[in-house]
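Each of the two complexes below includes subunit A, the first together with subunit B, the second together with subunit C.
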Partner chain A sequence: MSYLQQYFQSDRAGNSMLGALLAIAILVPILNLAVPESSVFHVSTYTVTLIGKYLTYALLALAVDLIWGYCGILSLGHGAFFALGGYVMGMYLMRQIGDRGVYGNPELPDFMVFLNWQELPWYWYGFDMFWFAALMVILVPGLLAFVFGWLAFRSRVTGVYLSIITQALTYALMLAFFRNEMGFGGNNGLTDFKDILGYSLQSDYTRAGLFAASALILVLAYLLCRNIVNSKLGRVVVAVRDSEDRTRFLGYRVEYYKLWLFVLSAVLAGIAGALYVPQVGIINPGEFSPLNSIELVIWVAIGGRGTLYGAIAGAILVNLSKTWFTGVLPEGWIFALGAMFVVVTLYLPRGLAGLITRKQAQT
Partner chain B sequence: MSGLDKMRETFRRDQVWNFLMPRYTYEDVLDTSKGPILYLEDVTVSFDGFRALDDLTLYINDGELRCIIGANGAGKTTMMDVITGKTRPDHGSVFYGQRIDLLRLSEPEIAALGIGRKFQKPTVFEQHDVLVNLELSMRMDKRVWTTLSARLSGEQRDRIDEVLEIIGLKNEAYKRAGLLSHGQKQWLEIGMLLMQDPRLLLVDEPVAGMTGHETERTAELLTSLAGQHSVVVVEHDMEFVRSIARTVTVLHQGSVLAQGDMDTVQNDPRVREVYLGD
Partner chain C sequence: MDHCSAVQKTFSRIRYGSRLLLLLFGLVVAWTNANSVMAETTGFEQIVQSLTTSKFRDKEKAVRELAAVQDKRTMPVLQALLDARLYYRKADKRVVIVERVDGQFRMTDPVTAEELGTVPKRKIKKIGINNKLRKLLKSKLASLSLEGPDPSVRLSAIEQMQGQLDESQYLYIKKLLEQERDDDVRSAMVAALALYELDNGSADQRIKAIEVLSGNLAQVVSNRLQALLEQDDLEKEVRKAAIKALDRINERLKINSIIETTFFGLSLGSVLLLAAIGLAITFGVMGVINMAHGELIMIGAYTTYLVQSVMPNYTDLSLLVAIPAAFLVSAIFGILIERFIIRHLYGRPLETLLATFGVSLILQQLVRTVVSAQNVAVSNPSWMSGSIQINAALSLTYNRLFIFIFAMIVFVALLLILKKTALGLQVRAVSQNRSMAKAMGIRSDWVDAMTFGLGSGVAGIAGVALSQLTNVGPNMGQSYIIDSFMVVVFGGVGNLWGTFVGALSLGVANKFIEPFSGAVLAKILVLVFIIMFIQKYPRGLFPQKGRSAEN
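Take a look at the complex of A and B:
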């Protein structure tokens, strides 16, 4: 092995995290399905779904860290790609309802019958097939990111300006998806799902399966991202972050590097959204809210940007505390999040991950 | 003159670039048989009406070490910006050899043609180790997909070691570039230029912030590069210029004020007027 490989691949914290994720991917479903409810070791279905949701957030945070932590692209619109992936999955789940809807129309989802639509819009075609929907989960966010990134990076929009237009992007999509004419259920969004791949979404087994799938996909995404940031391409990307001009004058076409990384990140965010929707059972335009995108950047900042595992830890820890906090003091959450962000920025500029690397440096 | 123009037109064919770029070789297109490697003619750049370069005409010969001096604001950095594609002139022409029109190319394309540049403010990748800085600068295919799977070959590793030796940073190879001293950063950036294996080096104020000893070593290094490379050095430090220069060009208000060897230039009454105010 080359010295460079050894040098970059000592990701101890990341490996521990992967181990933990694999362990819960196996253990949590077992503790939920096989351990009787009376036992103290039983994990309730509610908890399974809750942690499963956090895992999809963690995947989203990983996607943001890839571009923000390594390439310095601060996207404040990544919630849009997440929501698009979610809508694609939602469309598939809607078509699976078939004639079991309130109006019993075998072709049209309830909201279309309610709007007096006579036939399925063309862009809903194909979504009754899982493989097609799965493909779209990748293509829809990927294509949007490609077009958006191509325009933005070629015209060398960077820094705050880029962040602002990503906010505008997600805001515009939110307004569009609120409209009934768009054909995505207006402000109610898509909901009342029945089953996925023929398995009932109410069943504990399905939920455990979705949970395990979320954990495994997160592990795979982590490995993919780690391979990329450890490759020479990853080093070029960090070079772009630190000195874009220098990189360009060395002969790298910076805009292509940014574009491909941005597209990959958007695809990961879309997959996260697609895993999220069957677990929470609804997708509505609120997911496009600009605030969501800002909040998820805060998860990454708290966890520590530019480490990958920091983003995952940040997403899970912040959302755990959010769940706990909203139970105790609902109005207080936004202040608590703000306070955490301020404390981390002031005392832990490298986030929680900074604590680990500091400790490693000492030993 | 019109014959030369005609010939340029003949060779301004876009097909050249398509086959050229992916292979990142330029030797077969770069034509310096007439002597100069760089032709700047009537180049004008204005910023809000202010002419930073004013009908600048300048030729750099292949293999030459040329010093460019001039007061602050004379347009030296702007000239480098034009050559490397960062700034587009209002008019004028910039040719690399006889056939390559630099005004039609982007910064990465120009870099891939073997034109390397050191910035006035030392610019290295601070978060990367010295070694990685050099690795990333190496002359090779720099497209996204090839970069993803690129591995250092033994030969390339040797080249990195060689350059580490030249720039005196052997013991700092695994140090983060951000932790280097100012002078070391200047050297690292020169090392990054060497890794690109360029034909033409543009070096903007290389000895700013260096100690006397460091300055001397930089002078040696740059002098040793001339011959196989063409080197254009912009500098303020007269002692330094005197120690390396064969030909000096004095830039004043965006155009050439005087040119010749150091003594001729220093005794030129116009130069004395501008520099010494008499």
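Take a look at the complex of A and C:
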């Protein structure tokens, strides 16, 4: 594991990535707001929102890399935590609409009026307050991950079994959220948001603000994750990945380490979802689809797992090419994505980051 | 014209046998047939034509004559006359049976059953009847069907009459009952008589009638009993008997619905079994996660579609051809996947999972690009449509029944292959201890390829079966992959019997939860149950026993 040791000592690639993130966090909003539209350096609001979306994806990829790259837990259901975070934020934004909905009901969101509901379901209480919603963004995914992980890791469900049941988890949640009776807008999900914390979501300033927030939170999350993997706890986690039984025989309570990391990762995914929803303006059950969760694993695989910065780079690169492909050659994207899965696993097991480290090792 | 259609009919009957002798024989038969049809037709046609008279007495005579002619075509004519669907063309006075279609009238010749096109109302005139004629028609129709030679016609006639007899019909059926030989018709007659007595008989007769009817599942019986109970001046004994009879009927209905749910559950279970059993081999025996398994099922379904479009005139046969074809095509795809991708990833199950997921995306998109993104229509052969009527409240459809039997056959065949053949022995050896098997001279990579081909081929066969039940489209595989994994993991990896029990029990459980919760929630509940189950028993229902450590 020489490449790991190298990064415990110095994280050059990571540091440059942090620099770049901070730079765009400041530069992009300025180029959007202060530079006139006629200028070459102007960044359109569309681009700001697009990159902002990528940044939330990057945060999600970071969360997956933390457990897959360092602890060997391949979750094929991390999209579920992302979507849950998104739904929590969506509920807050729904309540902010107030009486400006189509039906003009101050209490009930439009879809509930449409379904002839008379009062707000109990689990919607409190979401008109931002602090409560923010707390829930952390609590809801965290709690689900805690219960699920506690059961799974305690009974030593590992490897492919764990991957499959995480996939079943997100699949079950998707089916559940498709139901109108759940009270989350069914098929259509939550949309038509108006404003966040009193600022209109349509305004360029709010968009720039959300962008900067996404970039800063990504930077903070990266620092947090790096500190964790460099700590003593991080080393135990890597030991669990490389040989779970041996670590257990050495006296470590493997399941606690895994559980702790899993919950943290789920919380990060939830925060990513919460940042994603106000920027794209909609959340629907499609976000729970198993395909999404498995696609985000390939972002990490392409970037290079077990490096943290690789996950971020992978997420941004894959999504950039997705946007490009679906514009130029919509049919080709699925072929390209499929080919990426095959090529990366066969020929680039360490992803693009692996290429860089190999080059560094050679020089 | 009669000549032609009769010859055609005979020809179509023998189309499949192409021997010259048979053909000659057929020609002779056709000729004689056509002659006799012609001889009958003249008489029949004349009588039908005489219905156009305006005098009711002549019409009555014609009806009596028609009823006396032993002819299959009589009943439709009389029925049409009764339903005011018998007209004649103003132009040539030709009698026609009409059917109203979008304000126009579609005409059929009652004599030759030939379609005569559509006309507006003013071109035709209705053949009117009066009350006397109507009564005559009703009784003639009833006696024609009740005394006809075909027991199934008699049965449906009597079933239609149940609950609406008048006194003359009651006496008539009572007389007929003495000569009736067919058991089903007899019991239907008894029920019809009892229903009459229920309304018109003395208290004793009523109680007897109730006893006869108790346990009869026809809708009309329970309606009548219910109506009887609502009468205020009902004798105590009759009420008691009726309540008892209704209880018995409800009890039997409950048993029926349990049987029906179990059947639906087993049907779902057999679909799950077919989808999962290929996976049980590749995942269970080889420890390889093949996320493209669902797409191999889809390829099997598309092979069925292709085979059908190659031989469009032989739908009945094409399904039987499609089974080996789908096996081969999917097996070849499977072996290619194994040779080019999975082989390089043995011992890295998570990577195999990702790579085969990529393959599944590529295969889906390939189908979308080459065939179409829309679903394709796969037709059902005639021997798979229809259903068996077990009793008045319970019928089982043939396609589900056949697929259940088919799943059992596939399962037994696989079991035999794994237990009784040389390949099976080698597969089991490699799955238990790869290096030891190698040391004994087994070519493990050849065994891997064959096993994978076998598992994939079975997925293809599953595709053939599924094409008969669900839509065939590029996404169809995806919906089965999670279910299949759940079944294999629930049953216990590396154990075909586990998959068998797992699939059927999950199918049945799903269908029993459905009435209480709805289809989607039932599915969610089953998924949650399996997730919880795996936490408690990570190795499934029937864990493989062995001494090897986990990693």
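The criterion applied here is as follows: the second predicted complex is superposed on the first by the 354 of 363 C-alpha atoms of A that agree within 3 Å, B and C clash if a C-alpha of one lies under 4 Å from a C-alpha of the other, contacts with A are read in each partner's own complex, and residues count from 1 in each chain.
Definition applied: a contact is a pair of C-beta atoms (placed from the backbone, for glycine too) under 8 Å apart; a residue touches a chain by one contact, two chains touch by 3 or more.
Note that the coordinates shown come from a computational prediction; the quantities given were computed from them, not determined experimentally.
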Query: Following superposition onto subunit A, is the placement of subunit B relative to subunit C best described as a clash or a fit?
result: fit
Task: With subunit A at the apex, figure out the C-alpha centre angle toward subunit B and subunit C and round it to a multiple of 10 degrees.
output: 90
- prompt: Of the partners subunit B and subunit C, which touch A:176 in the superposed model: first, second, both, neither?
  reply: second
Query: For A:252, is the partner it touches subunit B (first), subunit C (second), both, or none of the two (neither)?
result: first
Message: A:167 in the overlay: touching subunit B, subunit C, both, or neither? Say first, second, both or neither.
response: second
Query: Touching A:341 in the superposition: subunit B (first), subunit C (second), both, neither?
result: second
- prompt: Which partner does A:260 reach: the first (subunit B), the second (subunit C), both, or neither?
  reply: first
- prompt: Taking the superposition as given, does A:243 touch the first partner, subunit B, the second, subunit C, both, or neither?
  reply: both
Task: Determine, under the contact definition given at the top, whether A:302 touches first (subunit B), second (subunit C), both, or neither.
output: neither
Query: First (subunit B), second (subunit C), both or neither: which does A:233 touch?
result: first
Task: Spot which of subunit B and subunit C makes contact with more residues of subunit A, would you?
output: C
Task: Minimum C-alpha distance between subunit B and subunit C after superposition, to be given in whole Å.
output: 7
- prompt: Common interface residues of subunit A with subunit B and subunit C?
  reply: 243, 245
Message: Touching residues of subunit A toward subunit C in the complex: what are they?
response: 74, 151-152, 154-161, 163-165, 167-169, 171-172, 175-176, 178-179, 243-245, 290-291, 294, 297-298, 301, 331, 334-335, 337-342, 344-346, 349
- prompt: Can you list the subunit B residues touching subunit A in their complex?
  reply: 24, 84, 86, 106-108, 111-112, 116-117, 119, 123-128, 131-132, 135-137, 142-144, 147-152, 174, 192, 196
Task: Within their complex, state which residues of subunit A touch subunit B.
output: 2, 4, 7, 228, 231-233, 235-236, 238-239, 241-243, 245-254, 256-257, 260
Message: Which residues of subunit C touch subunit A once you look at their complex with the stated criterion?
response: 289, 341, 344-345, 349-355, 357-362, 364-365, 368-369, 478, 482, 485-486, 489, 520-521, 523-524, 527-528, 530-532, 534-536, 538, 549-551
